[in-house]
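There are structures below to look over.
Look at the two complexes coming up: chain A is in both, with chain B in one and chain C in the other.
Here is the complex of A and B:
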C-alpha cells in the first residue's frame, strides 16, 4: 500500500521535473538573450539601432542600424506571402469544398511531403535552379537576390498555410453552408459569400502564423539571398535577413564579448519580439474564431 | 377547394443500402400547414429534404419516385435545383444565421440574385423582418451581428431570411427544437399568420405543437407513411392502431 503510494509520488515528481526542464530552458534562453542585448545597448544607442540605415558591424567603420536587416527580412517574407497565401487558401478551398474525400486523402499527404524536405535543399533549389531560371526571364536579376528565395520560401511554407486555412474552413459549421444552399446559392457563392467570410479571422490567423514562420526561416535565405544588408525593396538584388546575419556572425571568427558578437543577440531579440507579437495576435484571433462557433 | 402544391408519388430515399423513405405518396395543399410527425429516424427529415432537393447535397443519397411541384417533376433533367430552392425555402432545426449583420442575413438571398438596389433591399429587409415578427425587436440595430440575438430571435431571423426571396413553400425541420416554450409560442403564432401567404411543411417531434398548428398531419414510422389526413383525423379518429399509440404518447 505505502509502496505503491510512494511510487505514485515518485512518478508524479518525475513528470513535474520533465515539465520544469522545458520551462527552465526557455527562461535560460531569455536570460542569455536579454543579458547580451543589454550589453549591446550599453554601447550602441537604441535610437541609432532602430532607425539607422546602415548595418556594417563587421567593417572598421561599425554602424548598427537594423533597418536594412528588417527590410531584407520583410521583403522576402512579403514575396513568400504573395505566393503562399493565395495559393494556400485556394488549395484549402479546393480540398475542403470541391475535392472528393478520396482525392483529399490522396493530396494532403503529398502536400505534407513539402514540409518534410530539409530547408537546405530548398536553399540550393532556390540558388541553383530557380535563380538561373528566373534570370532567363529577368536578365537583370542578380545571382543572389530576394525574389528567388522569397518564391521558394512561399512554396516551403505552403503546407503550413494550407493546413491552417484548411482548419479555418473546416471550422465553419456545416449548417451555415446548408443555410446558404437552401436560399438558392450556387457552390461558388456558398464558398465566397459564406464560408470564406465566416472563416476570415481563422484565415487571417493562418496568414500571420505563416509570416511569423517566414521571418524566422534561416537556411534558405542564408544560401540564396546574398549577404548584403542593403536598405532596399528591390527584389532583384541581394539582401540580408536578420537570421542570415546571425548565421554569418556565428560561423565567422568573431570573438565572444565583442560588440559584433553581442549584436547578434540584439537582432535576435528583435526577431523574437516580432514572432512573439505575431503569434500572440494569431492566437487571439484563433480563440475569437473558435469562440464564435462554440 | 385548395390547390395541390406538392404531389409526392411513390417516393423512396436510400442512403447507400439504407432505405430511409419507403414508398410514400401524399399531397401538400396550398396555404395550409402540414405537420410531419413520427419517432426519430422515421425518415421525416429525409422526406422534407427531398422537396427542395437539399438531399442532393447528402453523399450517397438516392431517390426514386416523383415529386411534382405545381405539376412539374422537380427531379426532371431540366429542373434547376438552384431555382427550385428559391421557390421552396427551408428553416433548419438549429438556428443558422450567417456571422454577418442582421441586415446582411436577410439580404443574402436577394444579393445572390444580383439584386443590389439599396432602396429595394432596405424595403424588402424591413418587410421580411415584419413578416417574421422580428422587426420591432431589431429595427434599431440592423447592422449588428446576428449572432448577438437570442435563439428564438435567430430562428425568426432565419425565417425572415427565407421569406425575403418570396418562396411559395417553407419547409421547416423541427424549427422549435432548440427553443424555449415562449420563443416556440411566438413561432407558432407566426406560422398561423404566414400560412395565409405561403404553404408550410413542418417536421416536429412535439405532438401538442402539431395539434395546435396543423391543418394536415402525416405520421411516419420506419420510413413509411402510416397515415395522413386532417389534424382531427389523425389525433381524434386515427385509422391505424400505430397512429393511435404514437399520438397518445405510448411510444416515441
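Here is the complex of A and C:
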C-alpha cells in the first residue's frame, strides 16, 4: 500500500476544511452585516428605522424610515408573483399531465434559457423595450416605474417557478391519479381535485422560494424602477427597492464610517433576514412534503 | 362539458408558454436589432470613452475573462472538496447536518449580500481594495454553493458496487475517490461548474457592491489591479440617457449572451454525452 494511514487522515482533513469554508461564509455574512448594522443603530433608533415613512439618507435632513424601501420591494415582488405563479403552475401541470414526453423535453431547456440570461439583460429589456411598449397602452406610466420591471421579473423567475412546481407535481404518487381515474374522474378533475391538493405544500414552497428570489433581485429593479423611495403602491410611478438603494450608495464614493455607509448594511440585514426566513419555511415545507410521499 | 374544460385549460397553459417564449424571442430580437450593427473590431479592441462611437469593451471583456478564470480557480477546488467530504466522508452527526443545511441556505442568499460580504471582508478587512482578487473571491463565494450542490449530485450517481469492489481489492478511501468516484462523476461535476461560471460571468450587483470601477482605460496587470467587467460596463451604458450609449449596451449584451449561451450549450452537450453513455447497454 503506497498511501500510508496518516496520509489518508491528511486527505480527509483537507476535504473537511473545504467543507468548513461554507460555514465560514455564513459566519462572515452574519459578522459583516451585524457589525455595521450595530453602528447604524447607535445613531438611528430602531423604531424610527422600522416604522418611519421617509427614507432620505442623501438629504441634509436625513431620515431613515425603511417603509418606503419595503413597499417598493414588495410591490415589485407582488407584480412578479402575479405573473410567475399562475403561469408557472399551469405550465408545470401542462408539461407533466398533458404534454408528450417529447414536447416536455423540447420545452424545458428552452424555458431554462430564460433562467440563464443575466439579470442586467432583463434590466435593459424592461427599461428600453417593455416600458415604452406599456406606455403606449397606459399613457400615464412613468419612464421609471414598478410595473415594467415587475412583469419582466415575473417572466425571469418563471423557469424557477415551473421547475419547483414540477417537482411538487411529479412527487405525487401515480397510484393516487390511477385511483381517481378508476373512479371515473376526467383528466382536469384529477389535476384539480387530486394532484394539486396533494402537491399543495410543495407548490406553496415553490411560491415562497419565488418571492424570496424576487425580493433579492437587484439589477433589473435598479435599472428600470427608478431611484425614488416613495411609500406607495402605485405601480405606474417610480419606486426604490432595498437592493436598488444598496447599489445607489455603492456607486457613489461613500466613505467608510459614515451613516450612509452603515445604512446599506442595515437594510441588507433586513433583506437577509427576510430571505433567510422565507427560505427556511420553504425548505421545511419541502421536507414535510417529500416525507409524506417517501 | 368536461372535454371543453380540458381544452380551456390546455389553451390557458399554451398561452402561458406563449407569453414566456414571446418574451424570450422579443428580448433576443430587440438586443440583436439594437446592438448587432455596433459590433466590430473597433468595439472589441477599444477602451471605454466619453464618445459612444469610439467606446469599446476591451477592458471589461478582458476583466471578465480574468475574473471568471480566477473565480473558477478558487471556487472549483473548494466546491468539489466540500462535495467529496459530504458524500464520501461525513458521518451523520449534528455538525455535518449543519453543514448541509447551511449550504442550502447559502444558495438562497441574494447576490447583493455576497457583494456586501466581499466589501466588508475582502475590500476592507483584508485590504484587497477594489481589485481583481477581491472581485474573484466574492464571485467564488457566490457560486460555491452551486458548485457543491452540483458536485454532490454527480458524486451520488456513482454506483456503490464499483466503490465496494475497489475497497474489496484493498484500495484506500482516497484511492477510491481518485480512481473510481472522481472519473465517473467528472462529467456531472463539469456540467455544474460550467453552469455556475456562466452565472458568475453575468453577475453585476456584487461587483458594484465591492466598488468595481466603471471607467478603466487599461488592462489589469496583477491580482491587485483595479478592474471592470462586461456587465458593469453594460450597466454603465444603460444608465446613460443618450441612445448611442444604449446601442453600445446592446452590443455588449450580445457579447455577454453569446458567452453565457456558449457555456450553457457546453454544459448541455456534456450532460447529453453522459446520458447517452450511461444509457448504452453494458
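The definition used in the following text is that the second predicted complex is superposed on the first by the 291 of 294 C-alpha atoms of A that agree within 3 Å, B and C clash if a C-alpha of one lies under 4 Å from a C-alpha of the other, contacts with A are read in each partner's own complex, and residues count from 1 in each chain.
Here, a residue touches a chain if its C-beta (ideal position, glycine included) is under 8 Å from a C-beta of that chain, and two chains touch if they have at least 3 such contacts.
What you are looking at is a predicted structure, and each value in this text was computed from that prediction instead of being measured.
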* Touched partner set for A:189, first chain B, second chain C, both or neither -> both
* To do: Check whether A:209 is in contact with chain B, with chain C, with both or with neither, and answer first, second, both or neither.
  => second
* Asked: After superposition on the shared chain, which partner residues are touched by A:176: those of chain B (first), chain C (second), both, or neither?
  -> first
* Asked: Is A:246 in contact with chain B, with chain C, with both, or with neither (first, second, both, neither)?
  -> second
* chain A residues in contact: does chain B have more, or chain C? -> C
* Touching A:270, do we find chain B (first), chain C (second), both, or neither? -> neither
* Asked: Now for A:160: first (chain B), second (chain C), both, or neither, which partner does it touch?
  -> neither
* First (chain B), second (chain C), both or neither touched by A:77 -> neither
* Would you sort A:197 into first (chain B), second (chain C), both or neither based on which partner it touches? => first
* Overlap of the chain B and chain C footprints on chain A, listed as residue numbers -> 186, 189
* Touching residues (chain side chain A, partner chain B) in the complex -> 173, 175-176, 178-186, 189, 193-194, 197-198, 292
* **List of chain C residues in touch with chain A within their complex** => 2-3, 5-6, 9-10, 12-14, 16-17, 19-21, 23-24, 26-27, 30-31, 34, 77-82, 84-86, 88-90, 98-99, 101-106, 108-117, 119-121, 124, 141, 144-145, 148, 170, 172-175, 195, 198, 201-205, 208-209, 211, 231, 234-235, 238-239, 246, 249-250, 253, 256-257, 260-261, 264, 268
* **chain A partner contacts - residues on chain B that touch it in the complex** => 52, 54, 57, 82-83, 85-86, 89-90, 92, 94, 96-100, 108-109, 111-113, 147, 158, 161-162, 165
* Structure fact -> Residue set of chain A touching chain C in the complex reads 1, 3, 7-8, 11-12, 14-23, 25-26, 28-29, 31-33, 35-36, 86-87, 90-91, 93-94, 98, 107, 109-114, 116-125, 127-129, 152, 155, 158, 186-189, 191, 209, 212-213, 215-219, 222-223, 243, 246-247, 250-251, 256, 264-265, 268, 271-272, 275-276, 279-280, 283
